[in-house]
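So that you can tell them apart, the chains are marked A, B, C and D in the order they are listed, and the count of residues begins at 1 in each.
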Amino acid sequence: MQRRTLLKAFSLAAAAGLYLPLPLSAQTAATPRRGGVLKLALLGLDTADPHRHSGSIAVQQVYVETLTSIGDDGTAKPFLAERFEVSEDGKTYTFHLRNNVRFHNGRVMTAKDVQANLERVRDKVKSGWLSGAMKMVQSMDSSDPATLRVVMSETYAPFLSLLSELWIVAPESEGWDTTIRKPIGTGPFTFGQWQPNVRFSAPAFKQYWQAGLPYLDAVEFDLRGEQDNSLSLRAGDIDVAYVRSDKIAALRGDKVDVQFLGDTAWYFLSFNNRKPRALMQDPRVRQAIALAVDKRSYMNFIGGSDALTSNQPVRPKSFYWDEAIEARDLYAKPDLDKARSLLQAAGVDPTQQTLKVISWQNDYAQVAVQMVRQLGFKIDHQALDDIGAQRALSAYDWDLAPFNSGPRADVYLRYARLLSDGPSPMLWGGIQDKELDTLIASAVASPNPTLARQRYLDAWQHVLDKLYTVGIGHASDVIGVAARVRGYRTGFTWSQNRVDGGLARTWIAA
Amino acid sequence: MSSHSASIMSAPQRPAPRFRLHWLAYGVVGLSLLVAVFGAALLTQDPLAQNLLARNLGPSAAHWLGTDSFGRDIAARLVAGTRLTLVVAFLASLLALLGGAGLGLIGCIVGGKTRALVYAGFDIVRTMPPILLSLALMVALGVGTSSVILAVGIAFMPLFAYVARAVYEREMASGYVAAAKVIGAGPWAIACRHVLPNMLGAMLTQVAIVLPRAVTTESVLSFFGLGVAPEVPTWGRIIATSVEFAEQAPTSLLFPVLALALLTLSLAVVGDRVRMHLDPLRAERQETAHA
Amino acid sequence: MHDAKNVLGFSLRQVFKVLCIAFAIFLLVRAVPGDIADMYEARGDYDAQQLEALRASLGLHDSLVQQFGRWGWNGLHGDLGESMRFGASVSDMVLGALPTSLLLAGSSLAVGLLLGFSLAVAALAFPNSRLGGWIESLNIWSIAVPTFCTGILGILAFSVWLKWLPIRGQLLLPILIVGIDVAGQIVKPLYEELKETAQAPFVRTARAKGLSRWRIAWRHMLPNSLSVIVALSGVILGGLVGGTLTVEALFGLPGIGSLALEAIRGRDYPVIQAAVMALAGFVVLVNVLTAALHRYIDPRLARGHQE
Amino acid sequence: MNTPLLNISNLDVRYGAKLVVKALSLQIRAGEAVGVIGESGSGKSMTALAILGLLPPEATVTGSIRYRDAELNGMDEKGLRALRGRRIAMIFQDPMSSLNPLMTVGAQIVEALRAHVAIDAAQAGARAAALLEEVGLALPDTQLRRYPFELSGGQQQRVMIAMALACEPELLIADEPTTALDVSTQAQVLALLRKIQRARGMAMLFVSHDLDAVTAIVDRVAVMRSGELLECGPVNEVMSAPRHPYTRSLLDARPVAIERVQNARTTTERPAIELTGVCLEYTHGRQRRRVVHEVSLKVPEGAALGIVGESGSGKSTLARAIMGMLTPASGKVTVLGHDPADRARRLAFARECQFVFQDTSGSLNPRRTIAQALAEPQQIHGRDTPTAVARRSAELLHEVGMDAALLARYPHQLSGGQRQRVVIARALANDPRILVCDEPVSALDASVRAQVLALIAGLRRERALTLVFIGHDLGVMQSVAEKTLVLQGGRVIEYGDTHDIFSAPKQPYTQALMAAGSNARGQKDTTARETGHHPIFALPCPTYA
């Protein structure tokens, strides 16, 4: 049972490093009250087709569910599958489905339905997070309605984690062959009214497989929730919402509870790696810029004293983090003098150079810009919206890009974008490095977590050596929860309906 | 004559003497210009320098007008931002004036289909509210100072175009234009000699209105993340940045808004005065008002 | 007869204008760099091959004339297509946004008119009071203070501190804020107009007849100022629907302006076109209504009197 | 009845520091018609407005205005309101703007009635109809439903009078009631006012700048200048033996034939201006309105032709066609052998043929000095050295009898007469051969009128100009034109030697124009009805000489 041990090791690792027990109030003691509509403002909803979702996953879990679910400890746990088994070679997965799962149209979910979903993703959604995994699916078998067997061509460690984002929809849903308009899922709430960019409401599903759940009559999402919602929380017209960490004090002052996501968002400053101009090809210039970044102040600005500095893409003290690499960080502390002498050595007069910086419109980008400007560079800062930034980045005529990357279901997802053919590699400067590709591929195919950890770290050391990006630190996204809300707990990622928590168990106090 | 300003609501009364506000207005506008030109020399603090340990502070000896959410000195930013603010507002207004009134006037002078076409264009531009139009233009043009000037300028063009047309029609109906035609003056000569000078007053009024509106429009662009680069201190950007922290640091919002309101008021007053001075009839108006 | 013909001609010209606007918008929208496929690429869920397929399926490879023709033809059949970004029905999205925008714009205009008119009348009635200064201040306020400043202060005061009103799901505060802004924009021209009417010779005649103030104001001044009020309202209303973006953003209101802006940002062509067409159609409708009202108010226009 | 109905004593009206009426005292007895005469700015209208408290709020009134036993100056609005319309009624100069454009005539009269008299709507309507009948409007019931813009100027003023009479006031103040009307209408309105005043035994204060109008209608006359009352007395006394020199000058300035124009020798038979079957139309959208029908005429070089007619007769339109500002719908206009509307000859034409505008304040750009106004034609026609231009401008001013020092002035700093001279000087700048004058003296005060007419006549003689002179006053023609053409409704109805037409008009319309323009006003009360459409006579093509 080598695979078993592997999983256990992963979980242990996660539990040891990733999971921070949250301060829970004594809310669990009371008997849950039924009824009421919970209002949320988290991220948006891009599409009604759960297989075509493009990133933000805070909304759709309430009406569609998955075989696995990322638990509070960051590991994949059985969800619609009652349990799963992995063969010793790590290539064959057997999912034993629950027998009481009903779709919103009342039909009982079978293995055939699940297989249809996997096939749809494999055939119709050729890119995205799941594409790499689905390419390796060799065959599927659903002859037993309660069992699905998936055979992979190679060992693929992130598979179970990635399945936590492969939503199971009834194939009879409208638009199955093209784009699903009205998904028929299995979640505690059904796909109700959707007004893109405005609001989404989901009434409770009475035949939900977890008997007695959900408590709420409905949930309603404000889909413009990506900005700070602290005022709405304090005014009392929203119950659960994303807030900025610098509003925490004001929220607590108004009796709004504050929770943090389990996994952190990673903050970094990338160089243009695909087409760097001559100036930026000089490692001394990159080093000088890295030395200008005051990681502590930067992370303080983002998340206060709770935020952590790090040169690595995973949270410090977690399984895939390495203390030694952290200790060797040449840029742990800012050193402007050294940076200037590096520039001098490189024969660069920063006052004669204009660096083009691309960012989203996040405030921290201004902090990054100002830190680099301290060296004397002139800065042309373009703060852009989604598409604007995308276009500007993929032109590769820029120099620096301060960005962040949200919580991820698997460590692989942190590394995927460093691949030459990874999804949307612009944020990391479009690295094209065969050696790095090989290192990451070997990590993915590792038979055990220790080896996987070592190979991921090797890959990261390679990134550090090349100074493709400057890792700055980690901070958890913050969610404000109104005082009347009971039973709500944030998860490891943004997911709002999970194996061990979420909106199904949330209720509203009288 | 419109000399009877009879108020039907009240018994005849003497008008109250008005406070001579215009000197104050000249002062404010003059000061703004001085700050715009020499502001950089006055600065003791770097308007871009962040002090992440001194964010959202109220006024103090170290920071007269407090600090913003990056710990930047509001006073320094206001002073440093005056130049770019005025330059953007001025160039945008100028663009609106030249593009709107200029194009409109040329269309009017050429007349016929050209005129119809030009104004059909303005009609189309006008169907979109200026704010939405400038936001859309910013998306199309990409962010940056020149885009802001273009976006705001284009959005305000119809305003000038319609005023230009109204003035042109009024002037063309006047006796002296008829007289000029009889003398043998061509349409362009008439436009230069009679229409243009008489249009100046109306245009000046519009500019005095559009100038501050350009600043607020720029701040709305910033509010939607589509203005100048985020750290660049323009008044609009300062206001937009401070709005999010209106509760923690009310002064960082109050002072820039006050500055803008004061400048707006002053521009309106100065615009009125300049227009009055441009008008050789003012002496007569003042007299006939009492005749 | 003759009048009806005029009105019909005017309306037809307006419809033609809408068509021109439609085409202009169609071209402009496509002039914006980037398309929806870029958007998907930005999210990283599609590869190059898929993006091309997506563009093809959305008809983005066809010529602009073809695209316009298809859009126009379908539009005439009441099918505005689907959002390229959300796959939702565009008509639903636009119809969902219109009520909020119309209600907000209409009520704000009403509040603004009421406030502006009262202030202007009061200032006329008491020429020696400080009301003239108030008019000036209100005007400067509306020019210099962006509505998002007043909006955030309103939210802080009434929703966060006093907790009298929620931020979302109410229109009272947005209407008041936009209404005050509208009042600031119209109070000065309104005051000037009323003042001019007050000086009109026929008002002097009415006084010479020995009529009471209120009769003069109600029967003589108001009808004669109404044309200007209507014209002013038309212009303001045209700018308000779709122009209340900041307030919509602050109060989470799903207005047509926000819809258009988000669509522009997301290069969601069908939605941009439909939203902007709705705005243009509304502006044209307001023009037609204004013209009709003018004719109703002024018998000179209705009877085809020239000059 | 020794106490006057209205007793004004020591009345001062001030605007700020400016005294516009100075220590004026005037009495009006019941049933008496008193006239106040003076030129614009003399304070006569201010006095009239002061009586009813209708002056603008910035005016201050001191002194006493007693109506019977009540002091009007300082009386509250409520008290004044009870008097206005009921005891003292008023009619104004411009009936078009003095009537509410958006209310029917009937509603406005009924409103005046019901403001003071408690009667129901039906009664009020009947009363309004009776009033309209009294002021000589046909079909009163139809008229009641009409809006002011649907009436002619004369009809509008009749409505104003009916409205003023509604509550049978004891005193009627008429503030320049005929100034804005056509000459022929003026006479009718005056006659009507006189008839009604006599018939009702109502007192009347008649304010006007028109000496003839005043003398025709009032018992006593007061003469005002610059806010002061110069003299006051029975109308016959003042007319026959004016005591104040100003009154004398007013009397002298009356347009009687100043000087018979010697027949200018026509150098050639070649017509300077030739119109053949010219029809002129105004188009508004798709509508066309024909304002001049088939006019043919010839003016030889060096001759002077007068064109008369009331407003709307098409005389100004005809002038515009001669100037090429309007292309005829049919027919042909030839000026000095060319089509004046030929754009290619625009400059050449402008040198040959010039136009003198009627509205002097409008035809001079208020923002340009006299020097600039005079320089404009010179610059257009190629004289561009500043000194040459300046010298020529000074010459021109001198030629029209003005001082070169006035070059730096703006139009508003000149008097009406001076402005008219400037307009003439501008027309002369390039030594034209033809001068078309469109009512050049109509807007001028009587005393100035004669001087400007003399100037035009003199210039014509000196420069051997071909002159087309447009006016509404037949009397004026006598002093400038040898031949006169009478236009009505866009058709030529009479044409011939000016002297002959003046002494023996053939057409009733010409007679009416004569009656209105001459001092025969007030003699007959008979022309109460509006001038109807006169039969149109087909005339042979009037050819000069």
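Quick note on the criterion: a residue touches a chain if its C-beta (ideal position, glycine included) is under 8 Å from a C-beta of that chain, and two chains touch if they have at least 3 such contacts.
Remember, it's a predicted structure, so these values are computed and weren't measured experimentally.
Should one ask which of A-B and A-C has more C-beta pairs in contact, the pair is A-C. Once CA atoms are averaged chain by chain and compared with the all-protein CA average, the nearest chain turns out to be C.
Distance between chain centres (mean CA atoms), chain A to chain D: 87 Å.
One finds 48 Å separating the Cα centroids of chain C and chain D. Separation between the centroids of chain A and chain C, computed from CA atoms only, is 41 Å. Residue positions of chain C touching 2 or more other chains: 33, 127, 156, 160, 199, 204, 206-207, 213, 249, 265. Among the residues of chain B, those touching two or more other chains are numbered 4-7, 10, 13, 15, 139, 142, 244, 247. In chain D, 54, 56-57, 77 are the positions where the chain touches two or more neighbouring chains simultaneously. The list of touching chain pairs reads A-B, A-C, B-C, B-D, C-D. Against chain D, in their complex, chain C makes its touches with residues 127, 199-202, 204-213, 215, 219-220, 223-224, 297-300, 303, 305-306.
Residues of chain A that touch chain B in their complex: 228, 246, 250, 297, 300-301, 361, 363, 365-367, 369-370, 373, 379-385, 388, 392.
Those residues of chain D that touch chain C in the complex are listed here as 52, 54, 56-57, 77, 80-86, 89-90, 92, 94, 97-103, 111-112, 115-116, 147, 149-150, 160, 163, 284, 287. Residue ranges on chain C touching chain B, taken from their complex, read 17, 20-21, 24-25, 28, 31-33, 121, 124-128, 136, 139-141, 143-146, 148-149, 152-153, 156, 160, 195-196, 198-199, 203-204, 206-207, 213, 216-217, 221, 238-243, 245-246, 249, 257, 260-261, 264-265, 276, 279-280, 283-284. Chain D meets chain B in the complex at residues 15-18, 20, 41, 53-61, 76-77, 323, 325, 346-347, 349-351, 354-355, 357, 359, 361-368, 376-377, 380-381, 410, 412-413, 423, 426-427, 429.
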